[in-house]
Structure formats: C-alpha cells, structure tokens
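In structure tokens below, several structures.
Below, chain A partners chain B and then partners chain C, in two separate complexes.
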Partner chain A sequence: MAFGPHLLLASLEGLVTAAVLALTALGLSLVFGVMRIVNVAHGEFFMLGAVLAWAITTAITGHPALGFLAALVIAPLLVGAVALVAERVVLRRLNYNPEATIVATIGLLYIIQQLALTFYGPEARPVEPPFNYRILLPWFGYSGYKLSVVAASALLLVATWLVLTRTKIGMVMRATQYDRETAQAFGIPVERVYAGVFALGAMLAAVAAVLIVPISQAHYLMGQDPLLLSFIVVIIGGLGSLRGTVVAALIIGLSDGIISVFFSPTLAKIIATFLVAMVLVFRPQGLFGTTAR
Partner chain B sequence: MTDSKGYFDLSKNRLSRRTALKGLAAGASLAAAPGFVRYAQAQSSAPIKIGFQSHRTGIGAAYGRWYEKTTAAAVKAINAAGGINGRPVEVVIEDDGTDPGRGAEVVAKFANQHKTDIVFGTLFSHVVIGSAPAAGENKIPYFVVSEGHHVASTKLNRYVFQPGITDVKSQIQAMAPWIASNAGKKVCQIFPDFAFGYDHRDYLPPALKAQGGEVIAQIAIPPTESSFTKYLPQIPAETEVIYHVMVGPAVLTFVKELGEFYGSNRPQLFGFIDSLEAVDINSPGLEFLDGSHFWEGSPRYAQADDSEAQKAYRAAVGIDDNGAAVGDPKDVSTAAHMFGCWETLYVVKKAMEDAGYKGPEDRAKLVEATEALTEFAEGPEHPQGKKIFNGKIHQCFGIQNISKVEGGKLKVVHKTSIEDGLYEPEGDYTTQAL
Partner chain C sequence: MSDILTISELDCFYGEVQVLHGLNLTLAKGEVLCLLGRNGAGKTTTLKAIMGLVPVAAGSIRLGDRELTGLPAHEIPKTGIAYVPQGRRLFAEMTVAENIEIGLMTRGKGKAVREAVLDLFPVLRERLKQRSGTLSGGEQQQLAMARALCVEPQVLLLDEPTEGLMPSMIQKIRETVAQLRGRGVSTILVEQRVDAVLSVADRVAFIENGRNRETMPVEALRADPSAVRRYVGVG
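And now, the complex of A and B:
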C-alpha cells in the first residue's frame, strides 16, 4: 500500500482509539480532580458498560439500532447506579482517604470482574452495530460505524465540557475541586457532589464501552487495557484537566495508530510509557495540570 | 452344657467380656496404625486421583469450561465401566488462571497437597511450558491436551505426555499439501506473538516449500491486541491465501475488520478453528468467513459419515449436532480440541492397567508403561480416530480435518492421513533418568 493511504488508515485507526480513550480517561480524570481518588476500578466500569450493552441488545429484539440505542442510555445509568452504591458503602466509609481508597478500588476491581465472570461467563460476545456501512475508499474499505464512534465521542466530550463550565452543577463541581473546605463552608453538599462525580466518571467509561463494543466484543477482562491507557493519558494531560485529557488522548491515540501501523504496536506502547516517564520527570503536574494546592 | 454336642455351635459359644475388649483394642490399634488403613484401601477401593489443571479463568476460560465437561463425561464413563484397575477415578480441579506461573504452583499443589496420582488437562502452550518443570521436579506424570509442539520437541521432560491430540508441527505438515493445491501458493501468515504462534511461524514455511508454495509475509500480533485494522496493510497485495491463527477473545474483531478492509474481493482464507472455538460461526460479523476453510481436530458439526463411536461420544459430552451444549444453542463447545481430554483419560487408563498401577509410588512405572504404548484404535475410547503414539517423544499422531464454512456450518471436505503428519523425532525422552 502506498504511503498516503497507509497514513490515512493509520490516522483513522488512531482517531477511533483517541475518541474512546478521551471519554474513558475523562471519567478517571474527573474523579481524581474532584475527589482526589485514584479509581483503580475504572476499567471495570468500562467492562460493565460493555457487558450490560450485550445483555440489553440481546434482550431487545428487532432492528439492531433499537437495542443499541437502548443500551446507550440504560447501560451507563446502571453502571452509574453501581458506582453510586460503591461510593456510598465503600469510599464514604473510608473518608475518601487517598491510600485506603486505592486499596478499596483494587478490591472493587476484582469483585466486579469476578461477578462478571460468574454471571456473564468467560466468552467474548459480539454486539451488533446499529448500522453496517462500509465506506469504500479507493485503496481500502473502512467501517462507517467506526467513524460514527468518533463523532459521537466528540459530541459527548462537548456536552461534558458544557456541563462543567456552563451549568450550576458544573460550577459546584469545580468549586469542590478547587477547595473542598471552602466549598463546604459555602454550603455546597460536598458528599453529594462526590457521589455524583463518582457516578458520572463511571458513566463516562460505560458510554465509551457501549460505543466500542460493536467493534470489539464484550469480555470480562476487557477493562485492563483502557485502565492502563487512561492512566497514561491522565498523567500526560494533567490530572483533573479536561482540556489536558482530551489533548493527551489525541496524542496517545494517534501516535498509537500511526506508530503501530508503520512500525510495531510494541514500539507504540514503549513510546507512550516513555512519554509518561518524561512528563513525570519534567512536568509532574502534566501538560495542562496545575500544581497541587 | 454338653461340649460334645455344642462345641461347634457358635451360638452357644459365648463371647466373654475380656475377649471382646481384647479384640476391640487390637482392632482399634490396627485402625490407628499409620498407613495401614490407607494402604488397605488403596489396594481395594480408594479412588485414583487425577489433578485437573483447568483454565477456569483468564483467556482460556471458555476452553477450560468445556475441558471440564468432557473430562467429567469421560470419568463418568470410565467409572461406570468399573474404573481403573477396579478403582474409581476422582478428579480434583485447580484453576491456573491460564497463567504459566500459577500453572507451576498448581502442579506442585497437586503433587504435594492433594497428592494426586497424575496431573492432566492443560491446553495453553505457555502454561504447559511454565508448568512442565514443576512436574519433572515433583516426578508426577503430566498429561497435557495442548496441541503445541513443545512436548514432541523433547525440550520438556520425561514426565510430560501428550497422547490425546496431535501437535501443531504434524498438523501443519499434514495440511500443507491441501493448502498449496487447493487454496493457493502465496501465503501470508497472521499468528499470535507467543509460543503457540511460533509453532505456526516456524513449521509452515518449510512444509509449504516442500509443496511448491511460499510464505510471503509473517505478521505477529501481540496476544492482548484488540484492534487489527492497523496490521492489515502489511498483507502483501499478491497474497493468495491468508493463513490465520488467532486465539483469545479478539478474533471476532479480527474477522470483522478483515471483512471491512477487503470487502468481497478477498484472498482465500485458511484458519485454525482455535480462533473460533466456543464462538458461534453465525455470530454477526462472521459472514465474511463464508466459503473459507478451517482446521478442526474433531469436527464441531455432526457429519454425515460420523462413526457410532463419535455419536456416542457427542451424546456423552452433551453436545448437539451444531456442536453446542444440548439445551443451550448459544453455548458453543470447543469441539476441535476437547476430544483430547476424553482420549487422554483412556490412554491413562490403559497405561495404568498395563503398569499395574497402585499408587504414587508407581509413577515411574506409569511413565514407562505410557512410553511403551504404540497405537490407539478408533472406537469409543478414541472417537476422533485412530492414533499412533511415539513413546520416545511422548506425542500421538492422528488424522486432521479440513472443514469449509458453508451455509452457516462447518463441513469436513478433507481428512489427512496419519502418515501425512509424521516427522523425524527431534530427540528421545526415554534416555532421561526417571
């Protein structure tokens, strides 16, 4: 294949990776930014979203788009509810202590994963995409659905940004992130904000999973890769920075796509990890992060 | 009391309290004596314990579940027919998480804690390679159902056997002539970047070359990869056959993306069913495979010419004509491999009977008796077909099936002969010390 089309394919692949990664990492970044909690179970919320999407699409007969749209709404809500329960019965009991919550979310990771294995099973199961359209380029074919994932993800990112910057809820969240105690002194129900943010973070991961599941099936171990990549993105972009997360997701996604097409996927991972190391050495707060207060 | 009359009449010979107490004490001390009771039972009725190293979790979980089902069915059949050497067979299951490190621990646990007679049932090649040293150190026979070439390569040790399923090197050699003459001569290989994939990488090129074919590109894919479109441009344009071996959950994505990339204008496809074990061939996105060919150890779909033994085996394991669990058409089996569990257990039975196996102290005898086996006839114990066994390399050789995807089913279109897959042994385990 000639260089031009090859690069086009690589960029398209990278864009899809970046789109899904941005959503997942944003959830992780939000939870860390506002709550100062490193949520190791974030990838499992992603997996849960995919598994629920499978369950919902199989339960709903008729046109595949119907089931998919239902999954797009219901799966994140259910995952959000699970996150809410986890926040209530686990994180709040630990007073959101940073060290204790790391251990607790590791526990949560295993609980969710093993429950999925018990009730969903070890198989990878496919979800039918809402539409099957193959874009025929002169050099190769490409999935129309994949491009729609990029568009949907961009829409969701803009929506999240609007919520955070233009609504009262967003302002309350930002106030809590900026200074918890002052926010509390001003009458902001910090614990409810925490609960809401934790659920929102999980829901973002779940939405990303529902979008990606028609491309790569639902499997109970699928949460590991997104978790690792999300951490890479969040560290590079700066914990708690929405802009940083999106920019870093684009960098990591595109470089992963392009480097793995032209060289090798292993090299792409090496470079991503190397970037993390460099960021940690020279700019520990991340590209767009502010130094911790 | 007249002794002359009542002497032999036991009813009249009253048991004194002193005798009764003496007898009781003697009996109790005998029962308490270490080893005595266990030994007595081992001689008679204590079960033969088989340690089943199962992939219950991890990437091999779907295989593990069906390996367990097949093993349970075989053990049930063996026990119903009187067990091994008159003793019932009991299976002890430990999960290895499809992880080599955990696998070695499980083997040691079987040897030292459960004190099983043998270890059995591993599929994934990296787990076998990781666990084999532990089997050698603990001197416990380790019967794997893995299909990798590692056992036959004689790089493991004398305690490791693969008597129930043909190894990859032999499979490839047997099928290469069919590929070269029916699918195409210019082959591009796509394989997972670990042990099992390397068997394909190393043995297909020479096997094809011998048939006038050629491997023009080899694409290794990391086993954790979840997206494949980025690898597809590496497939040379002049490729006639894409030879794909994928394992793990991402295979559906692989096929789907291949379909999106090529559309209807695709090269021939030849794959190992390993990719699609436990996966419904009619899953959305797999339409692209229609008309392509697969290797199958044992056919998933019931075939018109199935033997009585094959039918009985399918019924015993509980799979229907589509290779799915009876009563649950969505629960597709790993039919191409799991027959190996059934056949291996019957090989163990035969070897234990030949050795007059009594307990763990006879493990060395069991190894020698297994090595002395030469062939297994087709029948209820070996429903997949006849096999010959090479005791020097601890490996069996059987027939292979090439199946075509047709109308949403896999139809066997070619069966290789055992001779097609024979190769020169690379070593000799029997020269190693026991």
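And now, the complex of A and C:
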C-alpha cells in the first residue's frame, strides 16, 4: 500500500482509539477534577461495561443490533449503580481523602476484577457488532462500525459538554470542582454531587467499553490499558477539562495509531510517556487545566 | 430588638487545636455586629462555624428558634444565612452571571431578586458574560456580595469585605451594609479596619483566643477606644 493510503488507514485506526479513549478518560478526568480522587478502579468500570455488554448481547436473541442497543443502555446504568454503591460504602466513609481513596480504589480494582474472573471466567469473548458494513474507499475498505464508534463518541462528548456548560447540573458540578467549601456555603450538596460525578465517570467508561467491545472482545483484564492511557490523557489535558481531555486523547490516540503502524507500538508508548513527563515538568496542571481550592 | 442569631458556649477545633472556647454572641434583627480581634483570634472560624464549614464540638448556634449545629453545611444557607468569605472565593472560572445564578439557586430565587441585586451593583450588569476571575478587586468584592444577596438573607456574614480595596470601593461596601440594615438584614462583619467599623456597626465584639471578651455599643467604643488597644493592639 502506498504511503498516503497507509497513513489514512493508520489515522482512522488512531481516530477510533482516540474516540474511545476520550470517553474513558473524560470519566476519569471528571472524577479527578471534581472530587480530587485518583480512581485506580476506573479501568475496571470499563471492563465491567464490556463484560456486561457480552452478557446482555448473549441473553438477547434476534438481530445483533437489538442486543447491542440494549447493552448500550443497560450496561452503563448497571456500572453506574455499582459506582454509586462504591462511592457510598467506601469513598464517603473515607471523607474523600485523596491518599486513602487511592488505596481504597486499588482494593476496588481487585474486587471487581476477581468477581469478573469468578463469574465471567478467564476467556476473551467476542460481541457481535450491531451491523457489518464496509465503506469502500479507492484504496481499501474500512469498517463502517468503527466509523460509527467515532461518531457516537463525538456525540456523547458534545452531550457531556452541553450538560457541563449549559445546564444547572453542570454549573453545580463546576462550582464544586472550583471550590468545595464555597459551593457548600451556597447550598450545594457536595456529597450528592460527588456521588453523581463518580457514577457518571463510571458510566462514561462503560459506554466506551460497550462501543469498543465488538472490535476488541471482552476480557476480565481488559481494564488495565484504558486506565493507563486515561491517566496519560488526563495528565496531559488537565484535571476536569473536557477540552483538554479531547485534545490529549486525539494526540495520544492518533500518535498511537500512526506510530504503531509506521514504527512500533512500543515507540508510541515511549512518546506518550515522554509527553506526560514534559507536561508534569513544564505545566503540571495540564494543557487546559486550572488550579482549584 | 429581638435576637435573630444566638451563639452559646461554642467550641470548635481544627484537628487537635481548639480555636473557639465557649464563645457567646448574639445578633439582633437589623443589627450590624462587628467582630474585632487580632489575627488568629477566631473571627473567621466563628463565621465558618455558623455556616457549618467547621465542625462544632460543643455549644449551640440558633437562628430564631432553629438549632443550626448538626445541620449539613449545604442546608444552612437555605435557612437564610449568606456568607461572603475572606478573599471573596468567587468561582473564578465561571462567569459573573453564573456566580449570581449559584447564589439564586441556593434558595430558589428568581429573576426579580437577580434584577434587584444587579440594581444594587450596576457595574456587574455590564460584565455578566465576563469570567469572574478577570474582574478588578472591587468588582470581585461586589460580585461576592451580590452572590450572597441573591440568597435574600436574614443574616449576612461578611469576612473582611474591605480587604485590599481602594477608598471609593470601601465606601460603596459601607453604604451597601447600611442599606441592608435599613431593610432589616442582620450582619456580622469581621474587620481589621477600626475606622470602617465605627462608621457602620451598631455593636462591636472583641474576640480574643476564641472567646468573646467584651461586647459594646459602637458609641461606647467611640467614647473610650481603649478596648481597641487592649484586644486588637492598635489605637
């Protein structure tokens, strides 16, 4: 394949990675930004979304799109419910202490992972995509489903942005993010906001997982890579910044796709880690991040 | 005048350190009570305790007949107490309009309150879409007060509202406090500037080591300012 089409193919693959990564990282970024909690279990919410998607699509017979659409709605809701319980039972009791919650979410990671291993098993299982359609370009054919993942992610990101910037709920979330104490002094129930943000973060990860699972398969260890890449995106983009998350996800996703194809996946990871180091040294709040009280 | 706010034997701690030691205070309806004292005396902690922002270990804070200690912090402003924190603590990344909206949401107030508040601080009307962190110091203080007044408070807590402001702005703040008193709003004002206090307060409470050492009418303080030297260290 000539260089141009090869680059286009790599860019499309990178775009799919970036789209799913942006959703996953946005969930982590919101939790990090609003609650000041490093949620090490975020990747497990992603995994749980994928595993539940497999369970739901397997349970619903008929056209694959039916099961997939059901999974797209039900899996994030169930994962959000799990996150709500975790917030109430674990994080709230620790008074959202940043250090203690790191240890607690590591514990949560292993609990969720081992429960998945026990009840779902060690196998990687495929989920059928809702449709199989190849878009025929002059140089190669490309999966229509993959492009629909990019479109769906973009829609969800825009919807999240609208909620954050145009609604009262979003305003309350931002106020809590900027100054928890003053937010309370104006009647904002910070603990309820935290619970909602933690559930929303987990749901975004679950949606991302449902979208990607027809491409990648569901496995009980699949949460590790998204967690690492999400941290990289959040650090580069800035805490709680949607714009930063999207830009950083595009940088990491596209560079991962292109560098992996033309050089090696290892080099892509080295460059991503180098970027994180540079951001931490020269702009610790991230490209679009702000400091908060 | 009947007391609207009564603080009795209040103890507060920051970790292991006791900051308030059996503090007693009363605030009458429509009164401006000023808390004076050295840095670290417990003035700001008193305001934060009223707002539920620091835990109360013992004692009582009553708004009318309602006990406030034990209420979650976010419920306290809904009882009609508004707070202008030291350093303004605006939501700096949010616009002027959004900061005002947060104030309005506290007790579900609407457009009429918003307009009344903007009439009180007309400069904010021109800056509604501006990020509040980019306002001048005086404008930020006006926004902090506007946000608090959107609560339509019975009791207003002002923590060093004139800090770092130029004289014309200090005068504006004084006028606003006097105007609010005329409307029956009770105010607790924490101040470092004794001259600012004398022109606007009805009574002054001297706080030292977390205790209310002495409360006196402002006329008595004018006649004998020795208490200022005693508790604040300046004359």
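Simple rule for what comes next: the second predicted complex is superposed on the first by the 291 of 293 C-alpha atoms of A that agree within 3 Å, B and C clash if a C-alpha of one lies under 4 Å from a C-alpha of the other, contacts with A are read in each partner's own complex, and residues count from 1 in each chain.
Operating definition for what follows: a residue touches a chain if its C-beta (ideal position, glycine included) is under 8 Å from a C-beta of that chain, and two chains touch if they have at least 3 such contacts.
Just so it is clear, the structure is predicted and the values come from calculations on it, not from any experiment.
Novice: If we overlay the two complexes on their shared chain A, which of chain B and chain C does A:Pro138 touch? Say first, second, both or neither.
Specialist: In the superposition, A:Pro138 contacts neither chain B nor chain C.
Novice: What is the contact status of A:Met171 with respect to chain B (first) and chain C (second): first, second, both, or neither?
Specialist: Once the two structures are laid over each other on A, A:Met171 reaches chain C alone.
Novice: Could you tell me if A:Thr17 is touching chain B, chain C, both of them or neither one (first, second, both, neither)?
Specialist: First partner only.
Novice: Going by the contact rule set out at the top, does A:Pro189 touch chain B (first), chain C (second), both, or neither?
Specialist: Touch partner of A:Pro189: chain C, not chain B.
Novice: With both complexes overlaid on chain A, does A:Ala124 touch chain B (first), chain C (second), both or neither?
Specialist: first
Novice: Could you figure out whether chain B or chain C reaches more residues of chain A?
Specialist: Chain A has more residues touched by B than by the other partner.
Novice: Of the two partner chains, chain B (first) and chain C (second), which one does A:Glu181 touch, if any: first, second, both, or neither?
Specialist: second
Novice: What is the shared patch of chain A, the residues that chain B and chain C both contact?
Specialist: Correct list for chain A: none, the interfaces share no residue.
Novice: So in the complex, the part of chain C that touches chain A is made up of which residues?
Specialist: Listed in rising order, the residues of chain C that touch chain A are 51-53, 72-78, 83, 85, 89, 91-94, 98, 101-103, 105-107, 147, 151.
Novice: Spell out the residues on chain B that touch chain A in their complex, using ranges where they run on.
Specialist: Answer in residue numbers: 57-59, 61-62, 64-65, 222, 224-227, 229-233, 237, 248-253, 256-257, 260-263, 278-279, 283-285.
Novice: Help me check something: in the complex, which residues belonging to chain A touch chain C?
Specialist: Interface residues on the chain A side: 168, 171-172, 174-175, 178-179, 181-190, 290, 293.
Novice: If you look only at chain A, which of its residues touch chain B in the complex?
Specialist: Against chain B, chain A makes touches at 1, 6, 9-10, 13, 16-17, 64, 117, 121-124, 126, 128, 134, 136, 140-143, 215-217, 219, 221-222, 225, 257, 260-261, 265-266.
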